[in-house]
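Below, each structure is written out as structure tokens.
Heads up, the next two complexes both have subunit A, just with different partners, subunit B and then subunit C.
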Partner chain A sequence: MTQQMPQQQTPPTKRKKRIRVPRVENGIETMVEIEVDDEGGPSWGPNGAHKLLNHRLTRVDGPAKVTGAALYTYDRRAPGMLYGRILRSPYAHARVVRIDTSEAQRIPGVRAIVSLTDPEVSGSTRERIVRFVGDPIAAVAAITPEIAEDAIRAIKVEYDVLPHVVRAEDALAEDAPKIFPEGNFAEKERRGDPNAVEAELAKCDVVIEAEYRTPIHHHACLETHGHMVDYRGGESAIIYASTQGTFTIPDDAAKELGLPSSAVTAIVEHMGGGFGSKFGIGIEGKLACQLAKRAKAPVKLMLTRKDEFLMAGNGPGSWQKFKAGVNRDGTLVALRATQYQLGGLGDGSLAGQPYIYRAQHVYRERIAVYTNEDASRAMRAPGHPQASFAIESLMDELAYKLGMDPVEFRKKNLRDPVYHRQLDRGAREIGWERRPKQPGTGRGMGCAVGTWGGGGAPQCKVTVQIARDGAVTVAVGTQDIGTGTRTFTRAIVAEELGLEMKDVTEKIGDSRLGAANASGGSTTAASLAPAVKDAAYNARMQMAQTVAPLLGAKPEELQFADGKVIGGGKSLTWRQACAALPPAGITAQGEWKANLAASGVHGVCFAEVEVDMETGHVRPIKMVHVQDVGLPLNRLAIESQLIGGMIQSLSMALLEGRVMDSRLGAQLNPTFNDYKIAGTFEMPEMIPIIDDEDTREAVIGVGEPAHIPGGSAIANAVFNACGVRVRELPITPDKILRGLAELRERRAS
Partner chain B sequence: MTKKRDGQTERPESATDPSRRRFLKGMGLAGAGAAIIDLLDPELAPAREGSSEADRQLISDTVEVSLFVNGQRRTARVEPRTTLLTALREYLDPPITGPKLVCDMGACGACTVLLDDKPVYACLVLAVDAVGKRITTVEGLGTPEKMNAVQQAFVEKDALMCGFCTPGFVTAISALLRRNPHPTLDEVREACQGNFCRCGTYPRVFEAALAAAQMKDRE
Partner chain C sequence: MKRFEWANPTSVAEAIDLLRSAPPFEDPDEAARPIAGGQDLLTTMKEYIQRPSRLVNLKNIRGLNRIEGDGRKGLRIGALVTLSQIEEHPEIKRHFPGLAEAAHSIASPQIRNLGTVGGNLCQRPRCWYYRLEEAVCLKKGGTQCFAASGENKYNAILGGGPSYIVHPSDLAPMLVALGASVTIAGPDGNRTVPLEKFFTLPSEGSIRRENILRHDEIITEIEVPASRFAARSTYLKFKERASFDFALASVAAALELSEDRTVRQARLVLGGVAPTPWRVPKAESFLTGKPITAENVAEAAKIALEGARPLAHNAYKIPLTQALIRRALHRLAEMNA
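On to the complex of A and B.
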């Protein structure tokens, strides 16, 4: 994960220009430089001058979702459809010696069984080694979900169990069982001169050494991963997918089904959450396709909740060791950081330290440590919340040690003035001056800062059609993962044509429509909105050409407003104007325009909590998040995302974490009863603030930034409230009680 | 099995219910064919009309159930271990998919339906146990063209994002407003304490619930 420093985008001046755009792979955003045309075309105009955008628009798919009419992948059914289930490994590391499916085959209603020991299914002739508890082994399709479950239980597997390791410390040990032939860790980054940094540290006024840890998290999307593969043999297939990328589905599915890509359509009408975990068909999609191919019948294979916990990826954990030195005046002088990324069989991710802060002398090493757990995936701002928790806790510790106000201390080490104004705003909003100067009153406040890219790239092809009867349709294959994509797509077109929301229909979530990028790295809005704007603008220009003569005006003079086309002192209603169009109406295409998107946001969060000094229970009281977003496409939906980000980060700070049994190598809490996520009783007052002092007339994605600083702000508030610094998430009552006991002991001695 | 919804719980949770249901659901191969359905749950007995020893029956293989859903009589052939939720979603034709399957163990509330006006987790009720009761799902509360006050308020306050948890919340809150037309914020929190939302809509769900209460007053 490279780190992008926010910057104001300047308006284009040259014909060609090089820009930095995010490229997203598996939801992880890296910045690459590309050259783009720098021509005229549409611009958004001042953020304050919009009719629909930058207003509070209710979701266009709201009525369908609140009445149960919205169809998700999980809700799909086709005649003759079978139900798929996956058999998972109970061992963390084992060789699959034999699979006996004969008994399962005999159960009435079982229509297909596929096994990953079969080279035709796995695509590999090597023996099957399972590497984590939950690693898929086989799958069945049956006429009911219950029978599919029975069949899974009836499959007999013989394993040759191998040694495993599920704790980072154990994986790093000399004699640890090897997870990969190359070893159990891989260096990802090494930067700076450790000796020089040590020398600087020796000169600092105050030095702190500390370690911070965050556990592996789960995306916990309410709709599990899965597909309904509508294929009965034959020439074509439709794949209904719960995915963050409509266009990440057809190629993979076609390969499994043995069809050309163009014969496979992906449909993503509505989807129940992804948070970075849903790209491509995955092993579950592969198995569903194989089952459908064998049974010659549609198969719906949705992961069970337990499958989801065990095999659908996770947000990586972290273990970060710091030695940091500051001067009396509050300047962060030197930092030495060892950052372990704990992504199971995956690489995990961590933003490089000191994250957003500036230090004159930095040495850091980032190392991926592997364990026998499923591979991590991107999770809402990959690597940032973990980096934030560690550095923001450290910064807080330093501020207290120096006796400085944590806000002032942060400002001292942040150059960007946007952070300064956002910190001031957040402090005002939460009432920072009420904060107890001495920790231990049982109530306290904390703050933290974040950054994200959220830029766009030229990937979307949008079509706007205006029919002679006045109907307007905007079409693009993109997906709405709950962020409000449908709504802003419609709003941009309606606004450009001077219409109301109800006058435009959008078609999305279908791979037969124009290409669109996957929703990773908060890039959807910044990639899609400019292309929608461009298509709508082109449609308007075409329409102006046709209608202008009727009004006796020049095309460029026409105004489209309030459902009318106005020019030459006259006006036509929208329907009258459309009636003048050729029989086929107007079809206009749109592509991404660099000047309509920007990249780089800041964001600060303040939290107030109460800690029960008897029980160690933390009650969040209030959270404030201030976020710059460029042009806010839809204030209502953006606020919802800011709230959602705060809630997820609160949940991670106080409740969430995968718990592993190191002897069994198994997760102890793979259910919603044991892996707790925040519910109604954990909810504080929440204030989402869109920072309107950001006047960039350009779209930037905001799904991820709101998820970054919240947990750190809570952790710092907990310290301010009770004087206990919990350096390992989640901050549970036992850790606070232990800390309080230590404080008492220290005071007594 | 009845969801605890407010201070005055409708009926103490029967400790035997969830485990019995899990037992039935989890019987696997050996038990797939046969299960004794005890229609005379001792706690329910007084409430059931005309129940007698004769109601105890052995059902095996599949059984035809007649469910009264959203004002319509619907039939399906299910297994004794089939939950009400799975019956609605996967056995009825056409299906009723408003209630969602998320945890399948009574932890998340996404499957909430009303059974004789009381909110229950449909994943914790066997289909055969829902026979003879009035089942209302989110579809029965309103349609996109004619939403009830709660649904309208959810849209207006943006109390949904991905929307997968939304039917559960809407159903739980609609039930709350029926028995308590003027809930406090804490009563709203309590009414949906058994509902999870991963996108993080809770504060707006609360707003919507309180706004719906006012909307209903104006109606």
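On to the complex of A and C.
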């Protein structure tokens, strides 16, 4: 991915266009079509000229969240509601021979049991084969969660246990048990000529062979996956969903409930994190719907924390093998890469190597390797943090071997000048010149680079309404997955109409409102913000038509600023202006405009760490992330995104990773005690820097790029601090102590 | 969790009676259990690892939540005293600093506000095989210790076999180092035993338990004697995640120094490396009569880990624990006690 040039804006012309505006004649409101100057549609204008956007706006839903008033799916209750629980397979691979629910049925308080061996539930007449520990088998709805929990344990399942495999190396072995009839791996990409690359490698001044691994990660959403299915039989249903896509719910749920999609409403008022794992209703939503249908009562089925670890998808692992050659001057000449994507039953994902860097001769193969683990899902920057860790570690190793400054070595192999300026900026902020030239002092610095797309598309329909009493509402069915969607939606409308944040109300998270895209790939802001801007702009144009005659001005001369409508040397307060509107007020629609969004970002991260040379403990001291974002809709929210990305990155580098037992085929750390996530004591000083030298007047999403280079920067800083290159994440004290012991042995011999 | 009876006694005798009279059980994990803060018990119940028929709530028993005494008389700590009470107690901070440090090192403030001394000493193992419902290990009545040849980076390097759990308590090593004893109430009255003798290795006591407590007994009090080394005590705990974690290794240490700065008495107990708090008497006696120098400290650390038998993935605990011992001893020597 490379940077796109700033979008050309349509130059202002005096062309005419026809728009529909409300008119009151004889007390009757009608819409009439009039001709106005075509201003060329909305544009953001210079990034430095905003009243609200590009400022630090506090989150509009903050007070509701910190006081507990915000309603999440977990909080939803309905009269007579039942609680659902899922029975999961204790085996990594087995045929379900028989299932006996009679004892569970007899437990008082149990209202419905559904089994995935039932073709009506599973939609398949084939025998049920479970393929990972945690694979769902059946579900129970009962009057309390405890009764449901007891009931799933009272279900008797007879299994025919089959051999399993949970390690990539084992899955690739010739005699490995087959996970799918087609085999245990699938080639995803093969590019370049391996022989030509080998020939070039033979001519290089320095050649390094190394392999790097990252474990499977977890999204670890604070709110687990789940739904409250408010359905008692009848012709319509409401699904409260913890989802990244309001509009991914109704179709799925309607199918299970046997209703038309239009009869199903999805509500996503607040949701507790998705990170790529929450699209569609999933197996848990399917089971919840089936239970509600049978019990004729609302069912809340939220996954338990253990369910969440075992069956709610994972961020795939990786195993990447390199042979790389450079010349003395620091040019990366040739790279041979084998990239295994480790996504359990899923394909996983990896950005192709050498990722952002240039190499003259590249051969790469990407292969998905399957194991008896749940299928991978998208996870914040799919395939990028893993690709980054491997290539940035390799680049660092090459730089040290050449005796080159790692920043200079990177610049030598990056063509895009944006990376150069960001590397310079990051180096300045962290104090790169203080970096020890010889590793082993116990303190060190590292850096890494990343990229992402983050563009938008025409997917959102936004409505802005202005009432005669001055109330302004913006409505769209989108969801705020914690990224600040509500806040920027309100800010765009307020700014366009010259109002303050408090003057606008936003309605989101409801599938009865205008369509919106699911929040994936950092596309929400870039898809939604232009449509909001367009709707607000159209509302302003309509309002100008109505108000201009009152001021004796032309509509196009009006200014909307500071809560006033100004023109013809006079002004009206917002309320006065609105009072002149027809009874129904103004309703304006907005759609995506290509000139208001862009895609393609760059980011760099620098980290400084301290390594305790006796205990192997790594303490991050400081991190700096420099990120271009186009037009920063809300600086505070973007800084929070960058800080959140740095936290997730250092957590990935130092702590996180699924641990499997190969004999049991089971995950050993499906808890927040053993799946360790960074807490407050792990937090370094974190400096988020919005790269304002990016002058694109267009919106780009930055949820994902914030999580790409940070982990690699930490890993490289660890090497600079202690001289141990840990090539498998997470970088835990045991690995550092082992590495330090090896270093001592090598020195002694 | 499995359904259970909830009983609310107001006296120790009543509590014992309720434990004794609970429905008979075949599996010790189904026996009635006393509950205080519930910070560990409830986590095992939610996973159906412990499935007690009855919970006997101790919180309504008066008089068990007090800390009495001082640096001169020693301490009497009721079993229901919370971990926060210990870390904040001025007499403990001043005269038994290692104990306050040990309490402070535990989990999170929320857990320390609820977790009790008695519960902390009676915690069940944190081994991830033990905590996994799907793995029926030795500790749960199964036939094998999965950790012995499995993912054992957190398991024991000392005193292991046939089970390789490590004892999770942070208070235990420190209390053992301070020479504490524990008072146990049961159907036949009270007994007081040195805390060191309270914990049992998998090879000596029942494999299903970590201590000598019978199912119808409860801890009522911990006594920490006044000593010449309590004021010069410290607890160093190494966590993989500083914010909230169990010990990968820890050291509870206390010293009495002579006027010439040589060691008159030393106490050294290791945590996180063995199925019980692991006292290292050889290292203690090596230090006795010697000054705290870099050489002596390094030698003591070496001696302390002499018997270590690491498993496939936990040899790192040897240098780690040695580093902690060295640091703890240097820190004690520098303390103004």
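We adopt the following convention: the second predicted complex is superposed on the first by the 710 of 749 C-alpha atoms of A that agree within 3 Å, B and C clash if a C-alpha of one lies under 4 Å from a C-alpha of the other, contacts with A are read in each partner's own complex, and residues count from 1 in each chain.
In this text, a contact is a pair of C-beta atoms (placed from the backbone, for glycine too) under 8 Å apart; a residue touches a chain by one contact, two chains touch by 3 or more.
Given the structure is predicted, the values throughout are model-derived calculations rather than measurements.
Visitor: Thinking of the overlay built on chain A, is A:D61 touched by subunit B (first), by subunit C (second), by both, or by neither?
Guide: In the superposition, A:D61 contacts subunit B only.
Visitor: With both structures placed on chain A, which of the two partners, subunit B or subunit C, ends up touching more residues of subunit A?
Guide: Counting residues of subunit A touched by each partner, the higher count goes to B.
Visitor: With both complexes overlaid on chain A, does A:L71 touch subunit B (first), subunit C (second), both or neither?
Guide: In the superposed model, A:L71 contacts subunit B only, not subunit C.
Visitor: If we overlay the two complexes on their shared chain A, which of subunit B and subunit C does A:D405 touch? Say first, second, both or neither.
Guide: Once the two structures are laid over each other on A, A:D405 reaches no partner at all.
Visitor: Which partner does A:G273 reach: the first (subunit B), the second (subunit C), both, or neither?
Guide: First partner only.
Visitor: Tell me the contact category for A:F681 with respect to subunit B and subunit C: first, second, both or neither.
Guide: both
Visitor: Tell me the contact category for A:A666 with respect to subunit B and subunit C: first, second, both or neither.
Guide: Second partner only, subunit C.
Visitor: Please indicate which partner A:I647 is in contact with in the superposed arrangement: first for subunit B, second for subunit C, both, or neither.
Guide: Once the two structures are laid over each other on A, A:I647 reaches subunit B alone.
Visitor: Figure out whether A:L737 sits in contact with subunit B (first) or subunit C (second), or with both, or with neither.
Guide: Second partner only, subunit C.
Visitor: With both complexes superposed on chain A, which partner does A:R153 reach: first (subunit B), second (subunit C), both or neither?
Guide: both
Visitor: What residues on subunit A does subunit C touch that subunit B touches too?
Guide: Residues 146, 149-150, 153, 671, 673, 677-681, which sit in both footprints.
Visitor: Which of the residues in subunit A come into contact with subunit C in the complex?
Guide: Result: residues 90, 133, 146, 149-150, 153, 306, 614-617, 619, 655, 659, 661, 663-664, 666, 668-671, 673-674, 676-682, 732-734, 737-738, 741 of subunit A touch subunit C.
Visitor: Residues of subunit B touching subunit A in their complex?
Guide: So the residues of subunit B in touch with subunit A come to 28-29, 32, 79, 81-82, 86, 89-91, 93, 95-105, 107-108, 110, 137-139, 141-145, 147, 150-151, 154-156, 158, 160-167, 170, 188-190, 192-206.
Visitor: Which part of subunit C faces subunit A closely enough to touch in the complex?
Guide: Residue positions touching the partner: 1-3, 47-48, 126, 128-129, 131-135, 146, 150-151, 153, 238, 240-246, 248, 313-316, 319-320, 323-324, 326-327.
Visitor: Can you list the subunit A residues touching subunit B in their complex?
Guide: 58-59, 61-72, 74-75, 77, 83, 107, 144-147, 149-150, 153-154, 219-224, 270-273, 275, 302, 304-305, 481-484, 636-637, 639-641, 643-648, 671-673, 677-681, 683, 685-686
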